[in-house]
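You will see two complexes here that share chain A, one where it goes with chain B and one where it goes with chain C.
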Partner chain A sequence: MQATLQTSEQNNSLAARLLVFWRVFKKSRTGVIGLGMLVFMILVAIFAPLIAPYGRLETISVSDIYRPPNALHIFGTDDAGQDVFSNFVYGARISLTVGFFAAFISIIIGGIFGLVAGFFGGRWENFLMRFTDIMLVIPDLPLMVVIVALTKPSLLNIIFVIGLLGWTTTARVVRSQTLAVKSRKFVLRARAIGAGRGHIVSRHILPMVMPILVVQAVLVISLAILNESALAFLGLGDPTTLSWGQMLNYAFGRGAMSAGAWWALVFPGFGVVWVVLGLTLFGQGLEQVLNPRLDTHHLMPSRPNVRKEAANAKPIPSQALLEVQNLSIHYVNEGQLPARAVENVSFSLNEGELLGLVGESGCGKTTLMLALLQLLPSAGQIVDGRVFFKGVDLTALNEEEMNKIRWSGISIVFQGAMNALNPVRTVGDQIAEAIIRHIPTYPREAIPARVTELLDLVGIAADHRDHFPHQYSGGMRQRALIAMALACNPQVIIADEPTTALDVMIQAQILELLDSLRKKLGLAIVFVTHDLGVVAEMCDKVLVMYGGVTAEYADVDVIYNDAKHPYTVELLKAFPDLTKPKKKLSSIPGYPPRLDALPAGCRFAPRCPAAFDRCHTQQPSLHRIGTHGHIASCHLAEVGSTVPLRRIAPRTQK
Partner chain B sequence: MSKEFLEVQGLKKYFEAGRPSLFSKDTRSVHAVDGVDFTLRRSEVIALVGESGCGKSTLALLLMGLEEPTAGSIKFEGMDITHLNDHQRKQKDLRRKIQMVFQDPYESLNPTQTIEEIVTEPLLVHGMLNTPDREERVTKALEDAGLKPADVYRKRYPHELSGGQRQRVVIAAALVLEPEIILADEPVSMLDVSIRAEFINLLAELRITRQIAVIFITHDLGSVGFFADRVAVMYLGRIVEIGTMLEVLEKTQHPYTKALISVIPVPNPRLRHERIILQGETPNPINIPSGCRFHPRCPVAIEACALTDPAMVTLSKTHQSACLLLVK
Partner chain C sequence: MNRTRIILRKVAWSVFTIFFVIILNFFLFRVLPGDAARAGIRDPRLKKEAVEMLRVRFGLDKPVINCFESLNPIELGSCNVNPLDTQFFIYVRNLLQGELGVSYHTNRPVAEILSERLWNTVLLIGAGQIFSIILGMALGVFAAWKARTYLDYGAVATSLIAWSLPTFWLGIILLFWGSSNGFPLAGKATPGMSSMPLLQQWGDIARHMFLPTLTYTIVYMGEYTLIMRSSLVDVLSEDYILTAKAKGLSAFQILKDHALRNAMLPLVTVIAINLGFTVAGAIQIEAVFSWPGLGSAIFEAVERRDFPMLQGAFLLIAVAVIIANFLADLTYTWLDPRVQVE
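== the complex of A and B ==
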């Protein structure tokens, strides 16, 4: 912990920030290529006098009209006998200048409009956004043509016309981002401490809008360059300057096509394409850095899990309905050490049994559950161990075979009822889909009756069948998810924190429902939770996980009254117990380990009040205690161990 | 009336909910907070308990002046602060004295600011940036919030911290202003169990060391039972029972409180007990039931409950409850 704290100590200076930015940015290949293309062209424009072999608009000789590219004129010559390469180099100056300045104007206007509309809302927003809408409907180019034609087509005019017409998308993008940021809790918190509007905009809204504005700026620049080229090509450019568009215009208007002088058209066109492409690629790279959500996430499904066969693993078929034997799961990411999310976890579950899987966030409990259904994300790999369902090793099945077991054999109730339901389809529809998808042969005419039956089973009246998820309350949505999980008569249900976001009373209702279903249908349930109280109320067996390993596994009564693992003991002490009010809660100092930085010895050792030297160096193995399947992974639980459980100050101080 | 530290009387907040249909004349309103009275003493901890939709979070926003009350009054140290605007609140130092801690530590910190910037920000807002002891104050706030040593955290960003640490940063940003009241809206519900206790202990410590009063809003009576002085149970915008913690837990009067207490999980399988599980959910606060607002879900309701809205019955100097069965 201490080490990571120091390494991540960052300098706040601009240079350091840029360095950090670059480190991330360079991972995006398209971005780097785009930036390279852009920088190259900017350098060309800046050092134009050094690069161009001839002067600006310098006519070499009238006889040299439309010379094809040769050693003297690598891009050939144009209608006026001017060197195309020199004009191209100088043209870069004009095109880029127009692009950057026009975009600057657009971004400023769009940014301010969007910010004001989004932040102040009400009448301001109405006015500004309607204005934006109107501007958006009017096609840009004809309007520009009209305005430029009416005014003198000087470079400055063109910059302003393009700039003043190009802000609409920016305004919309900035407004929506401002709205999103405004509704976030930290803005409310700033208001609560008395921050004024100016403060909130400058400290909270702007920093969050900036990244989007930067990406938007890149796009607006390329649009401005395209617009300038189009205007110039239409003969509305500044006649005293020669931009790429102007070059195209001259070449086209003065018979380059008929003279077969492709070079006079292709090279300036190439310049436009080069810059626009460079900007687009650069924008893409920027977006990836500034919007981390676009990064390929480790949860994205891609390649199937390839299971590495353990050399000496001999499957021992089991009698239990569901049995997990020595399961280990690692998350493997390129260029990083594998995160050992689950290691050597075993448990078994019989019909009608309820197992509580208890652990804090990041202890690997959700990973373990996903592995049971072979639904691990691509980075997650089962590196060892077996999962038996009715004697069949699930880890050896292929996707098709596994699909037959999912939902009909083992199904899952996900956490977060709102996200797990599709908001645009009725609940009844979604349950019907669950049936059809997993039992394609199910008689269609029987489905409505089955859906009603399932809803009835979880206590939802049939007339709610055609309602959408948003018309359901939190508790009802959770019930609907349970109905969905029951759709194909599974024998095992995995309930992943099904009550976590719910109020105590609704929580009690859901627990009662699960308990009654278990009795009525003989279901076996794995109940994943961080709430020890819930577990005590209804479970038969409890598996306590810590940092990816089994801390303790025993009957529920043993866990609560005769726990051997210090983590279990401490966790119980931290749990409020209203039967003993006024008792001060004890807390466990420190924080759970990160899976990519696990301690060398016992994973709980840094927080353990009873840790001794060995705990910090050697990982304890699973020790069997007594004859009733009580297991604890603690050196203190070793048979014949005489070290008493005593309070010693934890070794690592925060 | 004596000069209470914080006194809330008949506080109401109705939100417009639009018309029931396009052609209907009358508009409907959501009775989010519907007549709440309570007082808070200096360095007292009061727990506001209720299910979602009972109006407890709206009540917090009203107390913070982030929503305008429809009726009723809020007095702080004898001064009526009900209808002060942002500017007046700041002038009267209320924005410093009353601080809030939000439920979600992941959402309530700006991801682009460092911890130091976050904790210094309140000083900036209150024009105290140039006080000579600024550094010290920030350090002290961080360390009092349990982020020790402070220097380790200063330059870090919220995403580098765990949920528990973030919630401590929120607390530190409140402490730096040396507040007198902290309003905590479900501050631990997003935290891991092993860290929850630590956080609650931190609040319990602060009330002693800094004389801070705490209004702890939660749906889970179990999580605050042991550290609150008093408990107020809310249902559909009203307080239905209020009393000292022991009175509410052990001499429970209101059937709703009884049900709430019965469903609090007891971490011991040997003590599994009959739970009073109320059916259905808190009704929509647009259509408040007639008579006692709890009667449709009440397991012991009598006929009269549908007709008469029960008044608060005083059971002891500190204990009050609103139930018709107590009037007999």
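== the complex of A and C ==
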């Protein structure tokens, strides 16, 4: 949507804008169907005299009342001996006219009210919005009935009554959109350079409000058509014209029911349904263009795990507490090539160990962690490899078996600054929930004390237990999440960037807390971060990821003293070293590759200061260096490689 | 801001809105042409004394309000009259005493007729709302849970079609179907049922209610389904749902304990806003099925040009909707703890 808006802003000609719109719109099947239905009925209305076999309100024969559909009268005849099909075709004119004109009035009023309220604010806004609120509460059809009953039921009156009462939701929608646009940068800039109000509204705000106004118009038209038909049915229509509602009023009031003349009752209503459904579907399509929704959520199952090896291949048994073997994860979206988010990553973790998982944002760290707990989003799929926890292959478990391991075996700490806690339940309640789920034998009366104890462990006072997340500060929320992760005494805790978005003091506190808990409780921790410096102090092993692959994996000392992969070296340069305060910090130019557009060779090659020809064509495999499980995926680390790492000489001192 | 103050503010706002409706209701019938009372008085066949007597009887001898003798046609009058002795204040005073005038058609007090009919409408809307909310929610939850499967597409398509149906037309179709399947065609009870045992009476009412309630349920279910679905999909893509899943909760537990309450919030708002439209549906359904409620009171009042009845019915409906809106607002405050501290 952003892309379409930008292009449409550049191309000012209407035809170009429409073309851009159509290109996006046609992808929505419902939208196209709806537009087709609508256009069809509009054409019927326009060419009514050509389509209708009989004239408008032409009585064929008084004796021909309520004739069932036949070759002469495909929709049968009505109470006055008129051809229902002809009346239906002409009725389309009336119903559509009333709908469009009434909606036009509503949209103009609602649009002006919304724009004025949103743009000028203050008293205007207060007055208009209060008025809108009142009108919104007053039931509109009864009010329409009263007004039309007290005036002459002419077509014009009906249009005005429906139009003058149908603007409330439009005013609200336009106001909130105006408010949103008003504070956008380009509007503020225009104001700063002294552009007039009229100019700002017509050139900056209106174009941004217009799309929403169009969607709203579609809804208002359909409501106007429904209201017109209801008014006409209730006997308040213009008796001299025959809208679909009026046809139903006559048929229902003049014995179609007892005559069994279903055709006089079904077809006119079908016209209303056709138009309203067409409008609704069209509106859905528009909405999809303006505000595309993926419609995915966390309860949708991810794609089934698969493995490349033969079905009868025996897994290599795992001795470690947690071991990941050659894990590969793809994101599969229909009509697109799969995005290779994680490829061939392995690591292992023992009790009491802390693994630092390092890399920039978008390098597959979170995907890897979610895959450990089998929590991948619906497009995610484990396409190769295994995850062992205490010797059990988690990739082979079903959802129910996996649920037993989640939290009681492996728990995860999400970023607390995000919405990781349910806003409508107290923090204590959410911690207790985990205990009840995993330790059903835990005495209920002891749970509050246990929750207090957990909160105490992370330094949160007991009286915050029954508070809601919004009453916590960011640091407290993060610590509460850690307390929650500890609730069921897990052996492994995954901490997924738990300190991002927190200030330095709180960061240090949280790190210290995790480290002390590890020592106290013998936890194994996977600590995900994009900051090598954060983990320097406390971790045992470091896994550096880049673009979804292992860049380097080694003990922490090796990483700091003998890094082989240029990416690790660059990352090391990017954080301050207290022992060398004068040293210049450097950042790595560029960004990690997009997962749907990975480079052909080494994924780091485009940014690598040491890249040579081969790096751009051939993906390096994982090279084992030395005997201590040091692994790097770099052509430079190949055994026997003679290419010196001159430009990126590793530091020898920590 | 604490809860009491929020509630007090909402109460004050509702009272103000009711007052606005009263003013609107009074002046609509004075400004717009077509009030039969005045039309009758203008009948040239009436003698002067008779006209005067009618004017006194309907209170039309008094000015409409200070400075205005009449509003249609506009006749200015003295501004120095006792405000309590104007038509407007007499109207307000009568309202406060529960007086809504006398029906032209039946010559009975409007308040009496409406109070009988109010409960029939409450019964119909109540039953219809309960069924449509339950079914709509269930279908919406189901569609959201199974999002982007054929079950979901089916539920959404059904809802869109249901939303597009004109209420009265669906009523007619169901009535047509019901008439050949032994359902009662009109009214609330079979005549003569009042001598039967209570249980049988209730059974009879339930049979009469079936088609109107079914119509109501289908028409409103679609919208509730769509809103529940989109609201739940939004909630289910929140981070805290992933937390809940990581905690090892089953899909059912997540829906029940983490998603539904949060997803209900938009639905409650829509139910509240919908109450106005709901009444629109009730009028149409009552007209089709001759259900003796407020809606058919309006329908009949229009047919018979029974203006006191129309005025009273509109006022009662509007006030009922405002109160129901207020209650829905309170529910919202209770459901979402964040509202309290705002």
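What we mean here is this: the second predicted complex is superposed on the first by the 524 of 654 C-alpha atoms of A that agree within 3 Å, B and C clash if a C-alpha of one lies under 4 Å from a C-alpha of the other, contacts with A are read in each partner's own complex, and residues count from 1 in each chain.
Basically, a contact is a pair of C-beta atoms (placed from the backbone, for glycine too) under 8 Å apart; a residue touches a chain by one contact, two chains touch by 3 or more.
It should be emphasised that the depicted structure is a prediction, and the values quoted were computed from it without experimental measurement.
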Applying the document's definition of touch, where does A:Asp456 land relative to chain B and chain C: first, second, both, or neither?
neither
State whether A:Pro139 touches chain B only (first), chain C only (second), both chains, or neither.
second
Between chain B (first) and chain C (second), which, if any, makes contact with A:Val276: first, second, both or neither?
second
Please indicate which partner A:Glu351 is in contact with in the superposed arrangement: first for chain B, second for chain C, both, or neither.
neither
Name the contact category of A:Ile147: first (chain B only), second (chain C only), both, or neither.
second
Given the touch rule stated above, what does A:His438 touch, chain B (first), chain C (second), both, or neither?
second
Both chain B and chain C contact which residues of chain A?
none
Chain A contacts chain B in the complex at 5-6, 8-12, 184-186, 188-196, 199, 203-204, 207-208, 360-361, 473-476, 503-509, 512, 530-534, 536-537, 539, 556-557, 560-561, 570-572, 574-579, 581-589, 591-592, 654
Residue ranges of chain B touching chain A (in the complex, touch as defined):
51-52, 64, 66, 86, 89-90, 95-96, 99-100, 102, 104, 107-114, 121-122, 124-126, 148, 152, 155-156, 160, 162-165, 170, 173-174, 177, 192-198, 200-201, 204, 219-227, 245-246, 249, 259-261, 263-272, 275, 277-279, 281
Could you pull out which chain A residues touch chain C in their complex?
133-134, 136-143, 145-147, 149-151, 222, 226-227, 229-230, 233-236, 245, 248, 252, 257, 262, 265-266, 269, 272-273, 276-277, 280-281, 284, 293, 295-300, 373, 375, 378, 400, 402-408, 411-412, 414, 418-425, 433-434, 437-438, 468, 470-471, 481, 484
Spell out the part of chain C that touches chain A in their complex, as residue ranges.
17, 20-21, 24, 28-29, 32-35, 144-145, 147-148, 160-161, 163-169, 172-173, 175-176, 179, 230, 233, 236-251, 253-255, 257-258, 261-262, 273, 275-277, 279-280, 283-284, 287-288, 298-299, 301-303, 305, 307, 310-311, 313-314, 317-318, 321-322, 325, 335-338, 341
